[in-house]
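Once you scroll down, you'll see the structures, which are given as structure tokens.
Shared between the two complexes below is chain A, which has chain B as its partner in the first and chain C in the second.
What follows is the complex of A and B.
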């Protein structure tokens, strides 16, 4: 059921947030953020869901359906799915930058502990 | 030119810098100077295009262009729009011209870098400027998120660009974590708005929301959006990344971040609150902005007061100035909004100037801390003069520009009898002046703290000097020509924010106009003059006191600003929860 999706999404978000707020390992922070990111995708795709609907593809409709019938309603919301795709692309780029920075930090400080990378404060 | 033709030029203002950004690494192989020259030309071209639109937009028109001419049908927009109103255009114009000036300054400061570095650097610089212009002009909520992300990606890379400084990596990691959380909030906010109204076009959202008052989903969405953009603006509970990023980045990059990038948050918040989420819950949002603004204005100034690192001090002051901007917005009167748009321009000018000064001190002597400086005025009179101009502007001393914008914001608060915010503004002004005055004194005029002036390293380059002189001139010009700027820039921008239906209607009708508002500023108003005199008198003991307690106060701030990314993320999430709770209650 769709409620399960929302619950799963909130759970993922909380696990991710827990990691970001409490873990001192830089990689675990990055993983936490990735989890939060996935939870937003799941949330959006669940928002796009409609009971009994098909995929929003109007070409080559399923047997017994016409494209205009599909366009008039019984499809999942394509806009949210599109937004999700865009966000996934951006998310990959951000994760790439994240990992690059983490690798550089490890090369320089020889540690993954966020508490030992704390020169800037006050 | 007709408004439709002008509107069709809108995408070019973003496309030109983006294309140039892609070309930068390629032309860098030919000549080391080529990428920088290309960036200056691209930003000036974009600025020239915006200038073509300026007369029409400041006359009250809203220029709209739908990509591929997918214009709205019966109030439903399927296409993606660009829309220029006076508020967004002011920010876009500033980005283009100030960006060009900053590239020029970088060109001369970092000219000896290798071609690969110069190519990559100018590419990122241009991408960031293009994203800011795009965010200012877009008429689509999801596009706003995309421009936010483009700006964020460019800023991550720029923060960590000079890898020989290890603190740059640390700062980049913090920027990444906080901005990524902010982007999730904006993303979710946009999705919730869409699921509640079925629209992503800002005009259509306004229409859909004005039909009903206070749909809870839309309010949660607004809370998430405000929280997300407040992170970009460095408003107080969301600010953890800002001082670190500014301290670690080189001078011109800090100037770009502080003068232009953080403003993106405020520009977007103003657009959403005043032009999109207009009905039913105006009071709650404005109250929230007022609280956030006052907290940042006073808190940022206090944190700036006790800093020892010059660029960090300036960064905390940016937090304070963003708070002042929010207070101006939250006053929601024509005077206050005009003051906020005036201050937006002013802040870009003086903060860029101050960061360039700080950057040039690092360039010439290698000193970053105030306790390492002292007595620099004799050796670098130009930098000292420029820094003093910046300090006077930021503290609102006539004839410089801060006097006018702060005066307008104060007047708006006084005329609405908002006593607490008014007093808070005065306090923040006193503390700001004390913090920056103390910095100017310690760096340039006081006897050197370590017995001798730090040794001279590299020379001040012509481009750096030119940028400082140009920005100082800008500070002065905006201070002595308040009536011109008010009538032709600030008042139209205030009008755009005050007439929500105007913007929304214009986007849906592919163009429209906004009725003008009148804002006047009395330059010789006794109350304003008295404020300035009072601030100066109070700032001196405040600065002396800060010097006395400096080290102990820093120990206290270190307990709050722990430097731990977990804590900063915690502050952010806490602030976000509060924002959403206040709006959706």
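What follows is the complex of A and C.
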């Protein structure tokens, strides 16, 4: 029932989005964005899963089989695992930028409350 | 003058923003996405053609037993190239945001840049006691205060607890044992690229070692190695190596990110050819990039200037009043 994983990742994404939309604490908004990123990792890895499959590694095939036979066998999706790897790196980088901006906002405005940061309001 | 809301006041309930509308939007999105994922292929669906192709081509085409690495550095090499520069852009962005106006040789110590003005400001303030104590504690944690030069110089078996700028001797000894093992682990992950691993996990492990050393031994012990200048140069060298490896394909094989290095024997370190070269450059890029990002963030100490309204209203209010409610 991998669809449970899909639904769990949708739920995670919704919790994260709810935090981004309704919280006023900038750190909690960044946490919400991180949660949304994490939900995509769960989603991609669940999408890569195949029932009864092994890892997409051609090392150590079962007795009497060649590694190339393993390539045609039942394995998890390597492309989606790779996309998840990409997503993780980008997620880390983006979270870092968000946090740096948050720290500077706090230093400048002396508040974490997003509603009080309104000097740009025209 | 317009009445300002009390900024430092304790808030009983956490301030939120249009919870009803937010819940409605999120619920609608959840329903739409839920219906969408319900119809996605599930665990019994056959693998996509791209995935099958990657699995089949990995061994004969790239001499690697690791299809994920083959996809990362081979088939989707151009995408990884873009991702590398996204990471570099983010690191440069953090560097720009975190950087102070003046040149500094170290990551931490932003607040030292204006130490003289800071002391003058504090001396003229009426209620500087808590501020002075907080700064002394902060300096002690960073190893700049009184006490021995390094946590290891502090004798064991005293009645009082060890200072907080480094962790206890148990953790320090543990990290000293673990760090070489973890370094080997991280290098193994990318060097033996035909087994699961690769540049990204390897780089992340190396960053983990730097952070372990920083957290357990204190900044002063990693200060000599973790300085902006060498780490930034290494980061850019990694990026240049990635460009060189990818351009090599264009020059020698006529297509960007094509495999131009000879493929070694299967299950040896040079087996993947260009995959391994890309992976090794990626280790440098990821390890130094994340180190720069993390230490850039850690170095953003609180600025010392009092808030603007205090300057306007004179020194009648205590400096703590305007601090951020967090």
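Quick note on the criterion: the second predicted complex is superposed on the first by the 114 of 122 C-alpha atoms of A that agree within 3 Å, B and C clash if a C-alpha of one lies under 4 Å from a C-alpha of the other, contacts with A are read in each partner's own complex, and residues count from 1 in each chain.
As a working rule, a residue touches a chain if its C-beta (ideal position, glycine included) is under 8 Å from a C-beta of that chain, and two chains touch if they have at least 3 such contacts.
These numbers were taken from a predicted model, which means no experiment stands behind them.
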item: Touching partner for A:40 - first (chain B), second (chain C), both, neither; value: first
item: Partner chain in contact with A:90 - chain B first, chain C second, else both or neither; value: both
item: More chain A residues in contact - chain B or chain C; value: C
item: First, second, both or neither for A:112, with chain B first and chain C second; value: second
item: First (chain B), second (chain C), both or neither touched by A:3; value: second
item: Which of chain B and chain C A:104 touches, first, second, both or neither; value: both
item: Residues of chain A at both interfaces, chain B in one complex, chain C in the other; value: 17, 21-24, 43, 47, 79-80, 86, 90, 93-94, 97, 101, 104, 114-115
item: In the complex, chain B residues that touch chain A; value: 142, 146, 149, 152-153, 156-157, 160, 163, 166-167, 169-174, 176-177, 180-181, 183-184, 187-188, 190-191, 194-195, 200, 243-244, 247-248, 307, 312, 554, 557-558, 561-566, 569-570, 573
item: Sites on chain A touched by chain C in the complex; value: 2-3, 6-7, 9-11, 13-14, 17-18, 21-25, 27, 43, 47, 49-51, 55-59, 67-68, 71-72, 75, 77-82, 85-86, 88-90, 92-94, 96-97, 99-101, 103-104, 106-107, 110-116
item: Chain A partner contacts - residues on chain C that touch it in the complex; value: 7, 14-19, 21-23, 25-27, 29-30, 33-34, 37-38, 40-45, 47-48, 50-51, 54-56, 58-60, 65-68, 70-72, 76, 79-80, 83, 86-87, 89-91, 93-94, 97-98, 194-196, 198, 200, 267, 286, 289-290, 293-294, 296-297, 300, 302-303, 307, 322-326
item: Touching residues on chain A, where the partner in the complex is chain B; value: 17, 20-24, 26, 29, 33, 36-37, 40, 43-44, 47, 79-80, 83, 86-87, 90, 93-94, 97-98, 101-102, 104-105, 108-109, 114-115, 117-122
